Amino acid sequence: MVMDEGPLEGSVTKRFLYVNRRAPYGTIYALESLEVVLIGAAFEQEVTLAFLDDGVFQLTKGQDTGAIGVKNFSPAYRALGDYDVTNFYVEAESLGERGLTLDDLQQITYEDEDDDWKEKPSIRVVSRRELAAIMAEQDVILSF
Amino acid sequence: MVMDEGPLEGSVTKRFLYVNRRAPYGTIYALESLEVVLIGAAFEQEVTLAFLDDGVFQLTKGQDTGAIGVKNFSPAYRALGDYDVTNFYVEAESLGERGLTLDDLQQITYEDEDDDWKEKPSIRVVSRRELAAIMAEQDVILSF
Amino acid sequence: MPTLHMVNKSPFEDNALQSCLGHVLKGDAVLLIEDGVYGALAGSAVAGMLGQQNGAVSLYALGPDLAARGLSEKPLLGGVDVIDYGGFVDLVTTLDRSQSWL
Amino acid sequence: MPTLHMVNKSPFEDNALQSCLGHVLKGDAVLLIEDGVYGALAGSAVAGMLGQQNGAVSLYALGPDLAARGLSEKPLLGGVDVIDYGGFVDLVTTLDRSQSWL
Amino acid sequence: MSAVKLGVVITGGPYTRQASDTAYQFVKAALEKGHEIFRVFFYNDGVNVGTRLTVPPQDDRNIQKNWSELAERHKLDLVVCVAAAQRRGILDKDEAGRQGKDGDNIAPGFRISGLGQMIEAGIVADRLVIFGD
Amino acid sequence: MSAVKLGVVITGGPYTRQASDTAYQFVKAALEKGHEIFRVFFYNDGVNVGTRLTVPPQDDRNIQKNWSELAERHKLDLVVCVAAAQRRGILDKDEAGRQGKDGDNIAPGFRISGLGQMIEAGIVADRLVIFGD
């Protein structure tokens, strides 16, 4: 590995949005987007994840990839709280169109250091209109 | 180049259908499908080409790729008649949904050796229902 | 002379399933694999597409792909048979041709 | 704080344009590139999608991609401005952020 | 059911698309059922399965190795299309020499040949199945 | 208009997707207008632009050579993501040594580095543009 992954000295803080619109496993984009989030977390920027369209399928619970012979990376989403990645916005309309509800998704939580380390949910379901407003507040939008 | 492209000795004749559903240039599939057709023509099988969905865009006239810096391969479709590839079925519904008519497509012709070498059109516009029936008559269906 | 139609794209993102269903004939089989298995979900916005096939074609979804995507416990459309790779091989070898809607 | 939305997929095959238009805000710009330029055609089955933007967003299509696809002479939807790579650069540098709908 | 002769075409890139994984599971299942795999032909980005230079993460599958080992075990004919391979930088020693390239990267058990090998598979095999992008 | 510092990300495979062609035309136009290209980062299948082993047809463009020459002419920083490159068999001499591989294939003007280089481009550049699949 190349050892240049650390944060920049004295850098500005920007708002980074990762837009996830693709389903896992059929293509590599969900996994390679997650890998960017994990590395990016070291840079101490404001990080937000958006899941819309087929991207909501990335978060389904009970993924079992044994029979297709592909690595199951869904547990890694639950580890993101430890990297201070705690803002998961899931689009309500995208869930509904796919016949899904919040109950079909993994529980992803983080411990809130500003609130006595209480465990809180990372996932918030928002409307399409709300998500559009969140997108418009970003400095950098990464989508793969 | 590897020199094994010739026809097989004493082989059976099969009906090969090339299904073209993708637009040119955005992805390589249209070009790499055409390359198979050109090589496949040496094998003296019954060859049919189907153009449906965005595949109908492969045949538009007046393609000029100079400014995108990509090779324009659309003239090669007109050469297929010389390789006895003369059955181009274009789906009417796919044209209509895209606001296209037969006039928007290249003229592709062949010389009919069974009819005093008269020049005849290779393209026939067929309905979705007719194309489905053509698909069901094939031995091998190649789509990329 | 039935055909096996294979669809590997999500019907929420790509028109492959819709185009496939516009070209199937009575007696054909449609097999959903990879991201295509999302088309087998009951209660989705595209469920009507497959639902209206009405028994004229046989519908299959690849179980390993459903499991990978966390859909093993989700209700599927009526009439969809879940098969494994062995069942996939049986469909390819017993039907007359296979057509991939890529 | 307008956003430049870039769409590079055909709207006949892929839901990217539709999803993009569901998330644009007044004052944003939508630029069609690569196979996305098919969305600019007048009289197609998807023309309504862009047509109903009604001036709330600016619409652009990349001329070199239209020319490559033989669409230079075809009528485009009203309100679509055709630009070249230089115009593309101007959009990126003058709007506040760019978002690729891949 | 009697044994059937199968041709398999893979057009999706490894890791990037699931196509080569699905084809691998399909071929294994077909062999277990006693069918014959006449040939596996790699086209479009599928040719990238055939490079020996990949280093996938240690906790993930190694698609090239899986195919190389399956080919060894069952004497499979794994053919990489020469035209598609040249475009994508997949070369064997002969091709590298002809093209004046200073190295090759073809993996064990794969051979590079022409598109005619795919047409031949279509003619000779009882069924041809395409796994793609 | 004043000069803007641009970061460019390419995620589509060469030849297979138009992304690397569009990005090339975009970068040329940006340079002509006097803007600064802070970095071009190759991710996902975009890393395949950086192999020197491609042999495209003689009547077509050579995507790798075009980028290598543009980088030489304008001192561009072309960075290939190491993780994505390992999965796809793109290696430089150092990586090949570390991974026990018997050859490398990185093209002139490209360097292999970590994903942090893309995040850095997002932080440092005024605008980041993604050309993808």
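Note that the chains take the letters A, B, C, D, E and F in the order they are written out, and that residue 1 is the start of every chain.
As a working rule, a contact is a pair of C-beta atoms (placed from the backbone, for glycine too) under 8 Å apart; a residue touches a chain by one contact, two chains touch by 3 or more.
From a predicted model like this one, the values you see are computed outputs, not experimental measurements.
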Legend entry - Any chain in contact with subunit A as well as subunit E: C, F
Inset, instruction - Find the chain most remote from subunit E, comparing centres computed as mean CA coordinates. - result: D
Legend entry - Pair joined by more contacting C-beta pairs (C-E or A-C): A-C
Inset, instruction - Report the chain whose mean Cα position is at the greatest distance from that of subunit B. - result: A
Inset, instruction - Quick one: compare the interface residues of subunit E with those of subunit F and tell me same or different, with half as the dividing line. - result: same
Inset, instruction - Averaging only over C-alpha atoms, locate the centres of subunit A and subunit F and give their separation in whole Å. - result: 26
Inset, instruction - Determine the centre-to-centre distance between subunit E and subunit F, using the mean Cα coordinates as centres, and give it in whole Å. - result: 27
Legend entry - subunit C and subunit D: spacing of chain centres that average the CA atoms, whole Å: 33
Legend entry - Length of the line joining the C-alpha centres of subunit C and subunit F, rounded to whole Å: 38
Legend entry - Shared interface positions of subunit F, touching two or more other chains: 11, 15-16, 18, 22, 25, 44, 57, 83, 128, 130, 132-133
Inset, instruction - Any chance you could list the residues of subunit B touching two or more other chains? - result: 25-29, 53, 67-68, 70, 139-141, 143-144
Inset, instruction - Would you pick out the residues of subunit D that each touch at least 2 other chains? - result: 8, 12-13, 15, 34-35, 64, 84-85, 97-98, 100, 102
Legend entry - Which chain pairs touch, all of them: A-C, A-D, A-E, A-F, B-C, B-D, B-E, B-F, C-D, C-E, D-F, E-F
Legend entry - Residues of subunit B defined as touching subunit C within the complex: 19, 21, 29, 52-53, 93, 128, 131-133, 135-141, 143-144
Inset, instruction - Report the residues of subunit E in contact with subunit F in the complex, numbered from low to high. - result: 13-16, 44-45, 48, 51-57, 83, 86-91, 95-96, 99, 101, 103-105
Inset, instruction - Within their complex, state which residues of subunit B touch subunit E. - result: 1-6, 8, 11-12, 14, 16, 28-29, 32, 35-36, 39-40, 42-43, 45, 139-144
Legend entry - subunit B-facing residues of subunit F, complex: 15-18, 21-22, 24-25, 57, 59-61, 66
Legend entry - Residues of subunit D that touch subunit A when the two form their complex: 1, 3, 15-16, 19, 22-25, 97-102
